[in-house]
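Down below are the structures I want you to see.
You will see two complexes here that share chain A, one where it goes with chain B and one where it goes with chain C.
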Partner chain A sequence: MKKHSIALALVSAIVSTGAIVSSTLANFAVPHKLVSRSNNEVYVYIPGQLSRSAVLGFVAGDKAITSKANACGFLRIAVKINRPMTSFSIGATNYTLATLPAVFSPMICRKVGTTSQTYIPAP
Partner chain B sequence: MKRILSALALAGVVVSSIAPAVLANFAVPHKWVDAGKTYVYVPGQTPAVAVTGFTAPRAPTTRLLTLNNCGWGSFTKSATSPPTLITGANWAGKTTGAAVTCVKDAAPALTYTSNNAGAVGSVVDDGARIWIKGGTTIGSATIGITTAGTITTAANACGFVRVTASVSRPMTAFQIGATNYTLAAIPTVTAPMICRKVGTTSQTYVPAP
Partner chain C sequence: MKKQSIALALISAIVSTGAIVFSAQSQTVTKDVDNNVSISGLTPSAFVKVSYGNLPLQKTFVPNSCGVITVRSTIKEPFIFFSYSGSAMIDWNELPLIGGRPLCKLGVPNPEIPWGTLGARADSSTSSVSYIRSAIPLLITSRNNFKERLTKANACGIASLRNTAVWPSTGLGTFYYDDGNPSDDFTLAALTTKPRPICYKGRLYIPLIP
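So, the complex of A and B:
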């Protein structure tokens, strides 16, 4: 319940700052956030990584994030109470959740033939 | 770090320069070839509704017609995919008219008389059946039938239809309403568009450029 409330609070905070913009192609090529319509959870997506490798120098708060990118080369991090992702850095670049571009539908990874392919919502 | 920035920069370049042209292919009828099969995608349709006027001629099928005592044979005319060509008969001279009859003449005669005295090869369309004069008496005749091949498949929840090209329906040329397409000329994509449910709505997804 508490988790759900915090997620909702995050949602309204993001909405109230006006950070939610239309899902453009460019947004999917950079770190961005998604507010899930199915469960109101917030996710941060980090694209452009080496598939099945951890993101170098990925730190949120004072904790290193060691999760590996998927076969398509992107990483999805769920925003949680103990990992609010309010601000994070990748190498020397700093990001804040509030200023990340927002998308309405997530990018997905799907196998096509023998290769993994990133899919994005049709514009 | 450099590698990450390079990757992001590259992604940005790709998205901004190549993407529009590649993505445009998904907005029009296009094809995808996978494992020896060719699929034709028709986007921009109303979900759960068949595409109006979507036809693709089927490959000709051979049919053995049984002829009656007057030499006439017939087959049911499909309401959705009527024949567009019949080989082995005078298709160009096809006429419309009443159903062909064949009645035995009064005894002691052993002959039969038809209400249609057309020559061998004649084709008559009575609206419900296609009649072919394959000979002068009882027997059989082989004809080749090509049909309009109306595609009645409904679009999916995302509003696109996928048709698999096959031997019987090669999709070499097809028509949607008044617009003609050829398989050779429609754009090719390297990965297919897909339909996925996001929350409560269905969303079309395309491969990231």
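So, the complex of A and C:
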């Protein structure tokens, strides 16, 4: 019962913003979210970090989480029923999951020659 | 029941935004740092013909008994613009005319013919033939060889033109492609250099350039 309530809240948060729009380049340049089609999970993508060596400390609700950016300089946080998150902060900047722009397909990281390159779905 | 309600709410939400737009990809031609050319935005699995107007063509020509090489240009093997043994590029159209004079006289190249200074050559005005005075075989390189390369777009509508020895990208010259509709003309030098697009889970992905 509790799990279902959390999932419903998660979906409601997305719905209430009306923020599900086509994936544009601008959306990928800022923290954004991706709603998984296979289940009700939400993935939050945070670009613009230092690659690999950057360990990011942020707060989701009242819980401190630490994560690491990939070689392309972005990190992905899975928001699950058993790990809900409605807001988070990076440094002094606060984000609300509901107001993050949404995308339909994830950004990905691929090796190109000796460097790592971020790829986004074509608009 | 509740799970179904959640799923239904999610679908309704997506539908209600009216923001799902399916639009045709615009076609884009780019090159990467290794001069591999990519054409994206094509119909998936479409066949594409690409013109290469400047492919190098190399062929060894052997002199006749009096020391004259005949270079005959054909549609299949054009030798209109060519070079040999490190010479400057020769334009057949600018070669001096041979007139009615015989090529050889007393077993040597006819001295009455205005052989040029670069290895000495003259031409026939009636067909695309060049004559080069040389006692040894020459490897002659033509630069205006035209060929069409047939390729196929992948599932994401990307046609890749790898820069290979057989199909060097420098041989594209001023090129176009045809996927049913002929494109505008492009040149390799004018193409934007960026990592080539990729196909991921059936979708076209482009590099995010800050």
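Points to keep in mind about this one:
Here, the second predicted complex is superposed on the first by the 100 of 123 C-alpha atoms of A that agree within 3 Å, B and C clash if a C-alpha of one lies under 4 Å from a C-alpha of the other, contacts with A are read in each partner's own complex, and residues count from 1 in each chain.
Convention: a contact is a pair of C-beta atoms (placed from the backbone, for glycine too) under 8 Å apart; a residue touches a chain by one contact, two chains touch by 3 or more.
The shown structure was predicted, so the numbers you read here are calculated from the model rather than taken from an experiment.
By the touch criterion defined above, A:L25 lies against chain B and chain C together after alignment on the C-alpha atoms of chain A. After overlaying the two complexes on the shared chain, residue contacts for A:I120 are found with chain B and with chain C alike.
Looking at the shared chain after the overlay, A:V112 reaches both chain B and chain C. By the touch criterion defined above, A:I90 reaches chain B but does not reach chain C.
Once the two complexes are laid over each other on the shared chain, residue contacts for A:N40 go to chain C alone; chain B is not touched.
In the superposed model, A:Q49 makes contact with chain B only, not with chain C. Within chain A, the residues touched by chain B in the first complex and by chain C in the second are 25, 28-29, 104-105, 107-108, 110, 112-113, 117-122.
Of all residues in chain A, those touching chain C in their complex are 4, 7-8, 11-12, 14-15, 18, 20-22, 25, 28-29, 35, 40, 104-105, 107-108, 110, 112-113, 117-122.
By the touch rule above, chain B contacts chain A in their complex via residues 1, 3-5, 7-8, 10-12, 14-16, 19, 23, 26, 34-35, 191-194, 196, 198-200, 203-209.
On chain C, the positions that touch chain A within their shared complex are 2-3, 5-7, 9-10, 12-14, 17, 19-21, 25, 32-33, 40-41, 195, 197-198, 200-201, 203-208, 210. Interface residues of chain A facing chain B in the complex, by the touch rule stated above, are 25-26, 28-30, 36-38, 47-50, 55-57, 73, 90-93, 104-108, 110, 112-113, 117-123.
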